[in-house]
Amino acid sequence: MGKAHKLVQWDPHNVKEKLLEKYPAKVARKRAKQIMVNEAMENSTPEIVANVRTIPGIITMRGCTYAGCKGVIMGPTSDIVNLVHGPIGCSFYAWLTRRNQTDAKNDTDSNYITYCMSTDMQDSDIIFGGEKKLEAAIQEAYDIFHPKAIAVFATCPVGLIGDDIHAVAKKMREKFGDCNVFAFSCEGYKGVSQSAGHHIANNQVFTHVVGKSDTEKSGKFKINLLGEYNIGGDGFEIDRILEKCGITNISTFSGNATYDKFASANQADLSCVMCHRSINYVADMLETKYGIPWIKVNFIGAEATAKSLRKIARYFDDQELIDQVEKVIEEEMPAVTKTLEEVYPRTKGKTAMLFVGGSRAHHYQELFNELGIKTISAGYEFAHRDDYEGREILPSLKVDADSRNIEEIHVEADPQLYRPRKTEEELAALEKAGVDFKSYEGLNPMMPDNTLVIDDLNQYEAEKLVALMKPDLFCAGIKEKYSIQKLGVPMKQLHSYDSGGPYAGFKGAVNFYLEIDRLVNSKVWKYMKAPWQEKPELSATYVWE
Amino acid sequence: MGKAHKLVQWDPHNVKEKLLEKYPAKVARKRAKQIMVNEAMENSTPEIVANVRTIPGIITMRGCTYAGCKGVIMGPTSDIVNLVHGPIGCSFYAWLTRRNQTDAKNDTDSNYITYCMSTDMQDSDIIFGGEKKLEAAIQEAYDIFHPKAIAVFATCPVGLIGDDIHAVAKKMREKFGDCNVFAFSCEGYKGVSQSAGHHIANNQVFTHVVGKSDTEKSGKFKINLLGEYNIGGDGFEIDRILEKCGITNISTFSGNATYDKFASANQADLSCVMCHRSINYVADMLETKYGIPWIKVNFIGAEATAKSLRKIARYFDDQELIDQVEKVIEEEMPAVTKTLEEVYPRTKGKTAMLFVGGSRAHHYQELFNELGIKTISAGYEFAHRDDYEGREILPSLKVDADSRNIEEIHVEADPQLYRPRKTEEELAALEKAGVDFKSYEGLNPMMPDNTLVIDDLNQYEAEKLVALMKPDLFCAGIKEKYSIQKLGVPMKQLHSYDSGGPYAGFKGAVNFYLEIDRLVNSKVWKYMKAPWQEKPELSATYVWE
Amino acid sequence: MLLRHTPKEIKERKALMINPAKTCQPIGAMYAALGIKGCLPHSHGSQGCCAYHRSTLTRHYKEPVSAATSSFTEGASVFGGQANLIQAIDNIFTVYEPEAIAVHTTCLSETIGDDLPQIFDKARKDGKVPEGKTVLGAPTPSYVGSHVTGFSNMVKAMAALAEPSTKKNGKINIIPGWVEPSDMEEIKRLCAMLGAEITMFPDTSGVLDGPLTGKYKMFPDGGCTVSDIKASGSSIGTLALGEWCSADAARLLDTKCKVPCSILDMPFGLKATDRFIDVLRTVAGASVPDEIVKERGKLVDMISDMHQYFYGKKVALVGDPDQLISMTEFLVSIDMQPVHIVTGTPGKKFEKCITEIAEEAGITINVKAAGDMFLLHQWIKNEPVDIIIGNTYCKYIARDEDLPFVRWGFPILDRQGHQHFPTVGYKGGLRLLEQILNALLDRKDRDDPEEKFELVL
Amino acid sequence: MLLRHTPKEIKERKALMINPAKTCQPIGAMYAALGIKGCLPHSHGSQGCCAYHRSTLTRHYKEPVSAATSSFTEGASVFGGQANLIQAIDNIFTVYEPEAIAVHTTCLSETIGDDLPQIFDKARKDGKVPEGKTVLGAPTPSYVGSHVTGFSNMVKAMAALAEPSTKKNGKINIIPGWVEPSDMEEIKRLCAMLGAEITMFPDTSGVLDGPLTGKYKMFPDGGCTVSDIKASGSSIGTLALGEWCSADAARLLDTKCKVPCSILDMPFGLKATDRFIDVLRTVAGASVPDEIVKERGKLVDMISDMHQYFYGKKVALVGDPDQLISMTEFLVSIDMQPVHIVTGTPGKKFEKCITEIAEEAGITINVKAAGDMFLLHQWIKNEPVDIIIGNTYCKYIARDEDLPFVRWGFPILDRQGHQHFPTVGYKGGLRLLEQILNALLDRKDRDDPEEKFELVL
């Protein structure tokens, strides 16, 4: 898109109107509530509707509950056999298609991430029921692989035909003795997006795995990292930094996770939540059942990373750790600054749009700010209101029909294992010192005024938005990538990056700076018009040599 | 070529007529003498004219003297820097284009075969002379590589402008002291084919290198292998067999040769000549100067290999060696027989034509005979009459103008190093026992009656010959390969095999059997006509399903 | 090792599929529907299916792939998806204004028994289908057959649009089957050279190989128009390429519109292309132009020029039935030796076809329909091969077993070119030879000991 | 190591060329002459030259290459080659019956000063040149310039056949330069799409990419006819592609026949093709058809789709000036980074062109004309690259330095495809991108640690 077009003025309310004008009335009404102009209002902050049904026929970015459960949460695990009960497709599409990395270092370690396992249900199974086949498949998987655990995932028809996958799982678990078998009722039709799948995954992992390890985990400062999926190696970079600081990461949910790490999560002394949306359930349950407090962290962005490290140090309230963290930051920042200084002149003043996930549309603004790139519109694909407006509104949220169908498990303090990590007084003191527990402020406060916050943005709106606001960069997922780029606007995938990464931590920041520099300054965007389209007139007589 | 055509009857004299009919009278007369019907005549064998000028404008298979000297004889050496004095082309075309193999095993060994070095003469050098540049180039080569020896080759213009390359070589040789520099006046216009180049190479290597080594070579049965160029690894296979027999190969001329091996050739006790045409000069000189007898051998063909080994053993007249040779033959033959039995049913009864080199058109008939393939026409590209009719006719050959220009060097017994390996009596006894010294019977005796022996076959005759006699296989060089194959007849390169090899020795025989089986039985030759060409008629109404 | 848990020893499996060589019907239906001009594919199920299919097709083509979904909720799954689908049809025609909507079902809507024709009627009655617009639908239960079946079912649904007619228009219908846009382009080029007037559906050329111009067209210029599809009932005959992909549609045209048909192999390789051209020139009553003969001759020429490198090389293949049958014939015809062949698509008939080719060539081939890549890998461990040909998932086997690998089939997620350069026809054959040759010769250049490293090949 | 004696330290050489990046003039003249229909190239020198040129061209094309020679003997070298050449002309016309003989000289005949025009006159006087047959000749001394110069000289000799004329025939002459048969075919296709009537010479398409049919044609159907070449004097203008290959001929047409000309870069890559099409549509007064626009858009699309893999990758290049200039521009335009460029052909102008491209892109490039591959290798040792692009001889450097390698240029002796698939034009650009991408991604797939091994690229 030539520079010429870059000075367009737009008013967010006009833009919103334009996005809605073509819709049938009913659709327009619904979408109007999910498109929010971020502006100061006297004594109230603007509300946005989220986590509501996708409109049939409106091309959405969203996936299903199975995708959230199997694809997002359980997919990144390495030594658990993930067995999909259903027709082949669901298992096939979730086969290595997210860039979760697992480093089962030595060849004897178990790593099933490259395998795709399914019961490949046939019509006979639909008619006569699939439990027998599921049972046989679990047995075959056990006989071939002898894994520590087998996770079973239900796809749409399973729930409809009434296969009791949990009963089958229980039966096989007991039969094997040395292999934990558990199941997830994550049929695709449940809920309104991937989000429901996250919740279901959280519940089952917590119920069937957490607390099951009897090996004692050592470490002076033990944390869990919740909601980090090691896309493109993000988790590796974060672990590198934590290690350097002397912080022990007991269990990541669920990047590069192993069965044993999940099982030991209860041994940590602090839970650090990256992706609030997908994992806050586990954080809460860990606190209730084991007494582990949780804080929100963000390792996307160099500054954010430093901030999060300091927060953790402050929680453990140990001078040695506090000093070490400062030392690490001091060591890591020069490389970051150097790259930033190099690319900043080329990125500063550009504009971006982000429509991803349940936190990335928020987290990545840290990096864009560092690059001097303004986010002019953003939103989530499967978030809830608290991800926009902050957890403080949680009490005011009503549970609708779709959410009600998602099991809420009730946990209470574990008679043996519950151990409050801090006294009420300590907690209060830490709160004062700025360690805000169980708190997440949401996306909106981060957005500049008069920008557009849009929930569940769809293909039609995305195209309009780009045409009207002409950003220099658009961030979403693979489905959106090429329709945006056809418009001449570079598009960066921020769910499962199309390439590159890690983008977390300090090294990640450097990678991201360079990647964005590449995208917004690539020569290719200048080539969309051929010379004869630039100058169509035929010079009457051609000037020969 | 469909089997249908395979029963064509032809009379060699008719074929000969057809080959000549289109030529201008003068050309026809000349070619008539080089096309010989191999037939019994009362008390005389048919004569053939060879080693005569190529006819301008008649597309020939031949190359030039430079190609014979630098390309064939000196090219295969590994640790001699071959520097071409002339415009760039000659050096470029001889750069790795023959499949000579060199195994400078460890990385510290010198191996220049992958390098192409030239003085890249420019017009100024042509005008003002190139000696200065040659001198500078030799110096630069010496400074960069510090080789044992540098060989300089003259291309056409060098002789014409009168550069004295031998003087320059001498000057540099003396200047360096630790690097032998010598030159070859192998301008392309000399002689009538590559053959002149062989002769020139023989002379210079003998003059400047042979006998120059002071290191004593040990070994009970020491031979030289003359005229084997290690195309596709032939020499490696022969060396493997010799070693297994306990025979020490002091020096191969010139496959995988090193300066030191050449220099030690005088230490052998027998010279074994593979390619009589290209190297018999050296064999003679080694005998005259050092007293080393020579015999003709042939390692192409399993039987021929066995025969040659026995001949060598008989020469050394040592029971242990004789037994060992028999043992080796016994060990090697089963694999050969096994493969032969497998392919024979598919190759037997096929026909072949061979037009290669100065001995291969002869040697390879051994392999074809083993395969049951009849050679219906053959000839050499650059041979002399003795290669056809045998050395006994040598005395009767007159030296023509073109040959007279090729230096004949005169050697005599070396005062220090001459040492007759056998007494006259021993030699006579061995002769009786069938060890025929200094003897080569030539191609003709091997050819079946009423086949055609054609010297310096050209493109036009080749095409006609194939059209008339429809062989199942044609053997020549790369220039001929595709015009023959366009006719639907598989073509095997037998100078520098287009691929595969080794074909010498026992393992080579196996390779060759399989290769010929592949060629004559490849499915592709059935595909030359499309179905609609086989059945052009349009069935009035197409029969739908 | 990437597939470190794959044992050499083969145990029979009855229930567990590992590393599938197929996926489910709907994605095939979606790909086919993209071959109708101005058509928006619609997935009648929960939204995940649609998301997955769009992602996979997008990664394969690096192009936008638009499709809508009924976004089933739990409620819809209980009470049926009619309301969702009708609302979707309304929204789609209002917002995106396609010429047609091609609906395919899913395991979900099939399990609950949604009846598309009945829902379409309702939608029409309710005036949700604007004048002149088309809605078509195909049942594509994910628990039957494979992605190939779904493709075939949607193509059959297209054929169902054809209108019977007494007067023929002289055209020939060509149903190309699941091939790349570049292949469809090439088939059209060959027909044009031969002077055969054709209607080809589906036709994804111009749809999934689009240019970058600064404009985004949700409905690109390519595709077979609905009116052409309707007129296919007036054609003189139908050539269906591929029994699995195209035969059902062709036979429907026959029964419904009395348009006779011929089922041919997909024109991959020399012989299958020969048969295609020969039949085409016969039904078109045209003579084959020199240009085609020349293209053919070039293919034969390259086979002969490079035969020494193909000869006897062992090949492992995975893919879809129609493609594999032609490819196997092609490999055998150049004296290569397919030894292991797997398709995920069920059907003993496939095994029979492959076995016939093997017997005719006097070789034996391990072949399995409804097989998976886990089995293929185990076969390879038991009898190693020189090269593997298949979709991108083969790269894990290729790396573990250190095999040369030619990407061919669906999906190809990690390389470009397949959407631009055809592998059908004689020119396509040249490309296949080039790719196989490059894979084999790159390996040779890597592995040859230094003394045997070759300048000339 | 294959090139184990190549030191990292660079010493200046004044006299010794090692591993040349050029060969001598005559082979270029021979290749050009094959682009005339029914023409037999003839080498006026000793027979070795002809044998070498035929062998090299044959290995590059895997096709028969016919050419004759004067087979100089020592005598001829002393007394001059007139007798040999006249005898050759007589034999050739009698035995092979070509339409034309294109004679080029050699270092030998140039050194002894043979005068072709004078010999041709004699041949005609002696009646050795049959009625209606053509003999043309070019001086191609091997000790001047390079194979590119020889090509240019023979093309100039063709232009010399052009006949001046006052009435124009509306055609445009295109002198394609030394490109592959497939490239010439592609240039003709683009011109036809644009509706430009052209005469292209030389034209080796149909000559060196022949079919296997069971027949051997010494003079295949392809090539530009002598009469068309003669008529090129009536064209409205000449587009010469490549200063080094084509400019002299174009300028001769201008001076001799008043046919004005434009010297363009060879249409490799996006921008050079843009310029070619833009000039062509201007001189042809035609508007560019959508089809071409679409092809262009596809090329731009693939650049954007795969940009992350091209971006910043360092390239070493060796080849001929005209090709290298366009390729360098193309690589820079996709954000790759050429760092070392060598051509064996002399001419400071080449270094200037490359340096201009580098400066415009704000990068520095090591460039040398009249350089050699020994120097290129040393440069690479001093500043490593991510990929090397050049002729087959690069494979020795590629293996020693473990570099991805794209074969492009002359000669390619160890792979197939170049004669069938063009690299000029937009489609050619797609192929170049595909080849570069395959080389880079194959390496990535080889080197990625297991945890980073990617399914989707």
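Worth pointing out:
Order of writing sets the chain letters: A, B, C and D. Residues in each chain are counted from 1.
Everything that follows uses one rule, which is that contacts are C-beta pairs under 8 Å (C-beta built on N, C-alpha and C of every residue); 3 or more make two chains touch, one makes a residue touch a chain.
Given the structure is predicted, the values throughout are model-derived calculations rather than measurements.
Comparing mean CA positions across the assembly, the chain most remote from chain C is B. In this structure, the chain pairs B-D and B-C differ in their number of contacting C-beta pairs, and the larger number is found at B-D. Mean C-alpha positions place chain B and chain D at a centre distance of 34 Å. One simple way to say how far apart two chains are is to compare their mean CA positions; for chain B and chain C this gives 54 Å.
The distance from the centre of chain C to the centre of chain D, each centre being the mean of the chain's C-alpha atoms, comes to 39 Å.
Between the CA-based centres of chain A and chain B the separation comes to 71 Å, rounded to the whole angstrom.
Counting partner chains per residue, chain A shows two or more touched chains at residues 95-97, 482, 485, 524, 528. In chain D, 1-2, 59, 62, 210, 212-213, 293, 296-297, 300, 303-305, 393, 396, 450, 454-457 are the positions where the chain touches two or more neighbouring chains simultaneously. Taken pairwise by the contact criterion, the protein chains fit none of the simple patterns, being neither a path, a ring, a star nor fully connected.
In the complex of the two chains, the chain C residues touching chain D come out as 1-2, 59, 62, 206, 209-213, 293-298, 300-306, 392-393, 395-396, 399, 413-417, 420-421, 427, 430-431, 433-434, 437-438, 441-442, 445-446, 450, 453-457.
Those residues of chain C lying in contact with chain A across their complex are 1-5, 7, 11, 13-20, 22-27, 42, 45-49, 51-56, 58-59, 62-77, 84-85, 87-92, 94-96, 106-108, 111-112, 141-144, 146, 210, 212-218, 344, 374, 393, 396. If you check the complex, the residues on chain A that touch chain D are 95-97, 99, 101-103, 233, 482, 485, 490, 498-500, 515, 518, 522-525, 527-528, 530-533, 536, 538-539, 542, 544-545.
Of all residues in chain A, those touching chain C in their complex are 1, 22-24, 27, 53-67, 83, 86-97, 107, 110-112, 114-123, 125-126, 133-137, 139-141, 143-145, 155-157, 159-161, 187-193, 401-402, 405, 459-460, 463, 477-479, 481-488, 524, 528-529. Of all residues in chain C, those touching chain B in their complex are 237, 254, 260-263, 270, 274-275, 277-279, 281-283, 285, 287-288, 293, 296, 300, 303-305, 307-309, 311-312, 333-335, 450-452, 454-457.
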